[in-house]
Every structure is written in structure tokens, then in C-alpha cells.
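Two complexes come next, and they have one chain in common, chain A, joined by chain B in the first and chain C in the second.
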Partner chain A sequence: MKYEVITKEDLPPFVNGLLSEIEVVGVKRKDGKFYFDRIESYDELCLDYDVTLIPPKKYLLPPNETLLKFSLGEAIQVEPFIDAAPRIILGVHPYDIKAIELMDAVFSDSNPDANYMERRRNTVIVGVDCRNPSPNAFCPSMGTATTETGFDLMLTDIGEQYVVAIGSEKGEELLKKHARTRQATEADLAQRKAVREEALAKYKLSIKAAVEEIPELLERNYDHPLWEELAAKCLSCGSCTMVCPTCVCFDVQDDVELNLTGGWRFRQWDSCMLQGFAKVATGENFREDRTSRLRHRYFRKGNYMLKRYGKLGCVGCGRCIGACLAEIASPVEAYNRLKEGS
Partner chain B sequence: MREKESIYLPKLAELVRTEGLTERERLFELKLRNGDELGHQPGQFVELSIFGVGEAPLSISSSPTKKGSFEVGVRAVGNVTNALHRLEKGATVGIRGPFGNGFPLDRLKGQDVLIVAGGIGLVPLRSLVNYIEDNRQDFGRVLLLFGCRTLQEQLFVGELDHWRASKDFEYYESVDRCEDPSWKGQVGVITTLFPQFTIAPEKTYAVIVGPPVMYRFVIAECKNKGIPDDQILLSLERRMKCGVGKCGHCQINNVYVCQEGPVFTYSELKNLEEAI
Partner chain C sequence: MKPRLAFFDFTGCEGCQLEVLNFEQELLDIISAADIVNFREAMTERSDDYDIAFIDGAITTERDVARIKEIRERAKILVAIGACACIGGINCLKNFYPMEEVLRIVYGESAHYYDTIPARPVDAVVPVDYYVQGCPMTQSEFVKVVKALLTGKKPEIPNYPVCVECKMAGNICVFEKGETCVGPVTRAGCNALCVTNGRTCWGCRGLVDDPNTDSEKEILAKYNLTPEEIIAKFRMFLGYSEVAK
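What follows is the complex of A and B.
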């Protein structure tokens, strides 16, 4: 991989240069919380944050997305609808990049999803290493605290300057065009390494099992009383899945114009934690009880996705831990309970 | 893999004929507007759109040996299915698919086939029965068991008459309850038909489609007869919102029914905790 260095003084012109060319989404701060949003200038951008409320997933799989447009009446016509406006997502943390890699696997698998794939191709990902992790994060346990893949550019704050890892030609081009940089030296890279290691020491949570052990740990404990114990407190609210960067399930519905001349079909985020997720029209509900839904979420993250897509479905961001009012959505606690009991 | 077009874009199809089957179920014959054949296998399904209402997964009820059009048999239960029931000849719907694996014809060929249909399970199985009838020499003995709750719920009554009389099939039927004194057939659940015949289990494949409650009991009867687990085939219904392995609704543990199914062998299912 090639590495460049950009000074903190040269960063604003770089970002503003990008802004002159293409839509840029970045992390903003409000009331001590962080969120991804479109930025108009460098000044709105925050590059030192712990975690955003909602992952950048919303720019690749929008919460509500039109799939088709159709006209009604005598001669029905239907057309696919794909909104894939080019965009840079700036300041994505490694765990969220890992989650995007998993989404890529899901949506390119066997029947490639043009809506996602088009948008993904038109999205540039500029990552930033996380120096001050959220108290709920456990990325080191999941192997997601840093990443060497999945980005076009990756920034690491080494004090007065950033090391920029170049992950793609597109990234290199943008950097060349808009930024003043110099080649990174051995010393820069050593500092980058030190900064990353320093951040590792700041994580508060960890899983007592090795990441490779998790799928098997779950499999052995399908009937463990833990699931029922946690489910007894579950509100079936779906918050844990709404904030999760690897939750990709959706519902599909139609809507029509008020004058009934046409309409559109859209998908929207859905959640396997909601009661009706597996219910069929004749009334049969294949995950009727909360225990089976809660277990499904844990197994999907820690086992099923690995089997299907070759990647674990949890990247350790800890968003679910913060989002769950009942305090039962933590993968750390669940895995550790199982590990202790085994 | 680079996608060619939207996997969510339906082809337009014309409703060329509809026919009442029972009080709740109707048959719909459809033709793709572009003139293409659907190109399906027995046991596959389509996603049928009524634009402005939504989409529903429906088994293809006709055999691929019937060219030029295809059929679905539909119970009116909700938005899409009721809207479909209201459509008239000439109406336009959308079709995606065919999806799913279908019945494994390669494995069934040359073997004896025991077809067990409960209620509207006959809708998908009819595609297999009609296929076998059109390729009768490729199969061994074919036993056809059909059970439903009441006589009024029997579908495809014309075809039932034909199967009763046909030498191609050994036909058995039951109704759970019956007040009609002219009914001379079996009264009782479908499993009560099993003592009436013998089979050579090592070369018999059971193909079972019916309501979820039926599976456990019918599987037990098949095992009783000595049919190996990997020769017991079932088609499963799950909630489906995409049919192409993306929406996540059809999952049984780590299995996507729309992709790996809807037809499974019992040996594939018996270790899947959520399956039956």
C-alpha cells in the first residue's frame, strides 16, 4: 500500500476541493453526539469522534428507497428506479468499513442488487482511524479496530499531520487533484503504528472468547437458558437492529400517487426483532416468541452471516449496547456469559 | 458479479383466464406480454405484482410442458391476493421469477413417487402431477394422496375426477369431515390413507406440500413406511419480500428458503431447529 502525509493545515483545502466536485457526507457533532450528514464546508466536519448514532449504511441502503416507478390505468408501465448520485463518505471508522464490506458481500451475492451496487460504485470511502473509541465498542475483540481494505483513502491522525493510506486508484486521483501531500517516511509510519496501538489500549470492553470461537460457541448453546432470560426483558422494539451497521433486512411495499395515475415500490429497513417479521398471511408465525427472535439476531451476527458470506455479522461498534433500553442487546455480555458457562 | 438489470423489475403479464376453484381460491392463467415462456420447473414460484398494491410469492401451478402460458392458484387472504381475485381477464400484472429450486426432477425420474397434498398444497404439486402425466414413461409407480378439510375445499375438481379414473396414478383421497351422504371416500385426516397401500421404500420418493401442521404427521408416516430421510421432500412456506436472497424474511436459521428452497429433503431440515 502507498502512504502519503497531509498536514492539518492542508486538510481544509483538500476537503473543500472535494466539495467543489462532488457531494460529501461527513460526521457532524450535535449535543455531544455524532451523526453522518451532508457537509457544505470543512468547518462542519468532525474527524475525532467515538461513534455515530446511525452508521453510514444509510447512504448505501437508505432507510426508505424507491425500487420501481409505475404508471397505472389502461397501459401499465414499470421502470426500475436507481438513485446512485456520486458521493464521498468522509471519516468512516474501520469497523463501519468492515460492515460495508459485509454489505458488499450480501448485495453482490448470487443475485446482484443493482440499486446497492450502482450506489456503491459511485461512493468513495475516506476512512479515519478511531483514536478515542466509544465506551461501548469492542472492536479489538472482533478484529475490526483497524482495516487495510474497504476504503479509497484512510486517514490516521499522527499529531500535526495525517498519514493517508491509499486504497484505490480513485482515492489516489482525488488526493492528487485536491491535496498537497508528501510521501510518508518510515518515521511517519512508525508513528501511525504507535497511534493505532495507543487507541487499542483505550477500549473498555472485550470478549473473553477468540473471534474464531464465536460461531461454535453459539452453535453449542442454541438451547442455553440465556436467550430466554434476555428475551424476558426484550421490548421487541427493534432499536438494536436499526442502529446496527450490518443489519440489512428490508420490507417492500407499494404506494400510489393521490390521483392514482401512478405509484412507486419502495423498500425500507425492517427488523427480525419485530413480532411480525416471519409471519405469513395464513397467520403462522415462524418466530412468534421473543426468545426465538432474540436468538436469531445473535446467531445471525455471530454465526449465520459467517457461513453465508464468509464474514461475521458483528463489527463491535457497540451501537446496539447504547440503543437498547432493556440493556440486553450486548454481544459482549452474551458471548462472555456463554464462554463462562462452557 | 456485475448485475445486468434490477432484480426487482417485474415483467408485465396479461391475465388471460380466471376460474373459481373453491369459495376462497381462484386459478389465474397468465401470459408474459413479451411472448417469452416463463421457463420454470415444477415446484418453483413467482413473485406476482399488482402495481400499487404489492407483491406476493405464488407457486406455479401449471406444468412447464404446458406452453404459452402458466397458472397460479391463489387463496384470497390479504392485500395482493384479494386484489388479484378482483382482476378480470385482460388485466396486467407483474411477474418476477421463476424463483427457488423446484422439485428435483432428475432424482425423481425412474423412481416411484408418493405425492402427498394437503389443501392448497395441491396448487404447487399440480405442476408436478401434470408434468409426470406428460412424461409418464420417465417415472415408476405414482401414488397421489390428496386430503382436505371438507368437500367444499377440494380444488381442481375436474382434474380430481380425471386422476381418479386415470391409470397413470394410484389415487387416494380423504376429507377431514363430511356430512354429504353421497361421499363414499375416506373421512379422516390425510394420514389415515397410509394404511391403504404398500410401497417399495428404497425406490420411493415422497413429495409433500401442505399446511405446516401436516408435515410432522406425514413425515412420521413416510418414515413408518421405511422411506429414507433424503427421499422425503417438502416445500416450505415462509414470509418472502424479495425472492432473491436479499430481504432476509424467509430465513430458517441460516437457510434462505427463497434460495436454497422452497423444496428441501427431510434430511436437510431435521437439524434445522426452526424448520418444522
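What follows is the complex of A and C.
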């Protein structure tokens, strides 16, 4: 991989240069929290943050999205609808990049999702290494605290400068066009390594089982009383999955204009924690009770995704831990309980 | 033939009927797809020949009981609109006082001219076919139900808590801001309107089908609400349900 260095002074002109060419979304502050939103200038941008409320997933799989439009009448017309305006997502943490890699695997599998794929092609990902992780994060346990893949550019704050890892030709082109940089030296890269290691020491949570152990640990404990114990408190509110960067389930519905001349098909985020998720047309519900829904989420994260896509369905961002009012959504606590009990 | 629509108000502020009038553009579409034949708040003409009755307000007198039964007999389809009609709403706050006292507080010396019974939602008296929840009723859901009636499809009404829409909106959880809400057991469909605009959820859209109210109560207690405060929180809109007893 190629590495360049950009000074902190040269960063604002770089970002503003990007802004002159393409839509840029980045991390902004909101009442002590952080969120991804469209930025109009470098000044709005925050590159040192712990975690955002909602992952950048919302730009690749919007909470609500039109899939096709149709008109009714003598000849029914159906047009696919894809909103995939080019966009840079700036300041994505490694765990969220890992999650996007998983989404790529899901949406390109067997029957590629046209809307996702086109949006993904038009999205440039500029990552930034996380120096001050959220107290709920456990990325080192999941091997997602850093990444060498999945980005076009990746920034690491090494003090007065950022090391920029170049992950794609598109990234290199944008950097060349809009930034003044120099080639990284051995010393810069050594500093990058040191900064990353320093951040690793700041994570407070860890899973006592090795990542490779998790799928089997779950399988062995399918009937463990833990699931029922946690489910008794579960609100089935879906918060854990709504904030999850690897949750990709959606529901598809049709809607019509009031004058019945046409309509549209749309999809919106769905969640396996919600009561109606596994309900089918006959009225049968395959996971009607809270326990089976709660267990399903843990199994999907720690077992099913790995079997199907070769990647674990959890990247350790800890958003679910923060979002769960009942305090039962923590993969760390669940896996550790199972590990201790086994 | 166009379906004939009628609107009837019971005990409430009639704000939900006002929401229908506030539609403007959609109202024209509704009028072109259906005939409105009875709508006291909007027109002078009255007809007792209608297909679909929209009911606004809670049932709070014996007269209400007789009148809603009559409407139910005439209407092919009956739709409850707004919290009062759907779940009883804030009218049910009075149910926790003796009825004589309620009459005395409101009407003083004239109390004996009036009758009152504990407030109840429409479906406590007659069967309801569709619900448009909310205080005031959620406009987009009203449109959804009207479309369902016009197309013969079942309307997709959310059966999940407000938290889903709150997270989609990117809101900071009100509990994280040191406040509390009943959104985790309240039916979504409002796009988390109140929380998105800096308030908290009071449950005006009613409970989801299988609410974990025990867990919600535990959480409210964990966030330092007393048992009395917890009950008061549920009684605001959900006084008719078990959770507020």
C-alpha cells in the first residue's frame, strides 16, 4: 500500500477541494454526540470522535428508499428508481468500514441488489483511525480496530500531520487533485503504528472468547437459560438493530397516490427483534416469542453471518450496548456469560 | 359509485377532524374519490346514509353509547380517529376519580343536569374496523387508511415501538438526555415526531400489540421515577389500559 502525509494545515483545503467537486458527508457534533451529515465546509467536520449515533450505513441502505415507481391506467408502466448521487463519506472508523465490507458481501451475493450496488459504486470512503474509542466499543476483540481494506483513503492522526493510506485509484486521484502531500517516511509509518497501538490500550471492554470460538460457543448454547433471562427484559424496540452497522434487513411495501393514478414500491429498515418480522402471509409467526427473537439476533451476529458470508456479523462498535435501555443487548456480556458457563 | 363518508365527534377537542380539514391538497383528492355526506365541523348538509364512518372522541356518556351503536349499525366500515376514539386518551384521566366528584369539579352546582360514565375508547362499545392513532391523529396514517379503503388493501400500520423511528431519525435517546418517555412500548407511525422536535413520548399512539410494560416500568424506575410518577406517565394517554392501573 502507498502512504502519503498531509499536514493539518493542508487538510482544510483538501476537504474544501473535495466539496467543490462532490457531495461530502462527515461527522458533526450534536449535544455531545456525533452523527454523519452532509457538510458544507471543513469547519463543520469532526475527525476525532468516539462513535456516531447511526452508522454510515444510512448512506448505502437508507432507512426508507423508493425502489420503483409505477403508473396505473390502460398500460401499466413500471420504472426502477435508484437514487445514487456520487458522495464521499469522510471520517469513517475502521469498524464501520469492516461493516460496509460485510454489507458489500450481503448485497452482492447471488442476487445483487441494484440500488445498493450502484450507490456503493458511487461512494468514496475516506476513513480515519479511531484514537479515542467509545466506552462501549470492543473492536480489538473482533479484529476491527484497524483495517487495511475497504477504504479509498484512510487517515491516521499522528500529531501535526495525518498519514494517508491509499486504498484505491479513485482515492489516489482525489488526493492528487485536491491535496498537497508528501510521501510518507519510515518514521511517519512508525508513528502511525504507535498511535494505533496507543488507541488499542484505551478499549475498556473485551470478549473472553477468541473470535473463532464464538460460532461454536453459540451453537453449544442454543438452549442456554441466558436467552430467556435477557428476553424477559427485552422491549422488542429494535434499537439494538437500528443502530447496528451490520443489520441489513428491510421490509418492502407498495404505496399508491390518493388519486390511484400510480404509486411506488419502497423498502424500509426492519428488525428481527420486532414482533412482526417473521410473520408470513398465512398469519404464522416463526419467532413470535421474545426469547427466540433475542437469541436469533445473537446467532445472526455470531454464527449465521460467518457461515454464509465468511465474516462475523459484529464489528464491536458497541452502539447496541449504548442504545439498549434494558441493558441486555451487549454481545460482550452475552458471549462472556456463555464462555464462563462453558 | 363513490363511497359515502361521514365524520362524527364524541368527547374530545375535535382536533382530529381539524386535521382532516388541514390536509388541503389531499383533501381534494379524497373528495374526488369519495363523497363526504356528514361532517359537522366542515359543512351544513347532513345525511344518515353513509358507508364509512370516522369517529373522533371518546365515549363518556350513556347518550354516547346509544349514538355510537346507532352509527355502527348504519356504517359498513367504522374507523376510529385519534387517541380519544382509539384508546380513550386523556379523557380517561377522569376514570381515577369518583364520577360524582368529576361532575362536581366540572359543573359545580349544575352537576345534576349531566350524566357521565368512565371514559372509554370506541371499541369498548362497538367493533372498530380501522384505527388512526395519535393525538392529534397522525395525518399520514389517515391517508394510509383512506387508500386502504379505496383499494381494498389492509393498511400497514406499524406494530413496533417509537424507538424504531427515533433511531431512524438519528435522535439522541431522551433517556440519555436525563429525561424519560414511554416510546419503548408505544406504537410507532408518527416518525417520532415529539422526540425529533425536542420533546418526549407520552404514548398518544397507544401501546404496541405485545408491549413489555414490566420492563418499561423497571427502566423508568432505574431512571429515578417513583412508582406514582410511573403510573402518572402511563395515565396521560393510556388510562384505559391495564398498564395504568
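Just so we're on the same page, the second predicted complex is superposed on the first by the 342 of 342 C-alpha atoms of A that agree within 3 Å, B and C clash if a C-alpha of one lies under 4 Å from a C-alpha of the other, contacts with A are read in each partner's own complex, and residues count from 1 in each chain.
Keep in mind that, in the parts below, a contact is a pair of C-beta atoms (placed from the backbone, for glycine too) under 8 Å apart; a residue touches a chain by one contact, two chains touch by 3 or more.
Quantities reported herein were computed from a predicted structural model and do not represent experimental measurements.
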| item | value |
| --- | --- |
| Which of chain B and chain C A:L235 touches, first, second, both or neither | second |
| Touched partner set for A:I76, first chain B, second chain C, both or neither | first |
| First, second, both or neither for A:P94, with chain B first and chain C second | neither |
| Touched partner set for A:P56, first chain B, second chain C, both or neither | neither |
| Partner chain(s) touched by A:K30 [first = chain B, second = chain C, both, neither] | second |
| Touched chain A residues, chain B compared with chain C | B |
| Chain B versus chain C as contact partner of A:N64, first or second or both or neither | second |
| Partner chain in contact with A:G167 - chain B first, chain C second, else both or neither | neither |
| Partner chain(s) touched by A:L258 [first = chain B, second = chain C, both, neither] | second |
| Common ground on chain A, meaning residues reached by chain C in one complex and by chain B in the other | 253, 255-256, 260 |
| Chain B-touching residues of chain A, taken from the complex the two chains share | 67-68, 70, 72, 75-76, 78-80, 82, 106-115, 117, 222, 248-256, 260, 263, 265, 267, 270, 272, 277-282, 284, 286-287, 292, 296, 299-300, 303-304, 307-308 |
| Chain A-facing residues of chain B, complex | 1-3, 5-10, 12, 49, 51-56, 77-78, 81, 92, 94, 211-212, 237-239, 241-242, 244-249, 251-254, 256, 259, 273-274 |
| Contact set on chain C toward chain A in their complex | 26, 29-30, 32-33, 143, 146-147, 150-151, 156, 159-161, 163-164, 167-168, 170-173, 175-177, 183-185, 208-210, 212, 215-216, 218-219 |
| Residues of chain A touching chain C in the complex | 30-31, 33, 35, 53-54, 58, 63-64, 232-239, 242-243, 253, 255-260, 268-269, 271, 274-276, 290, 323, 325-326 |
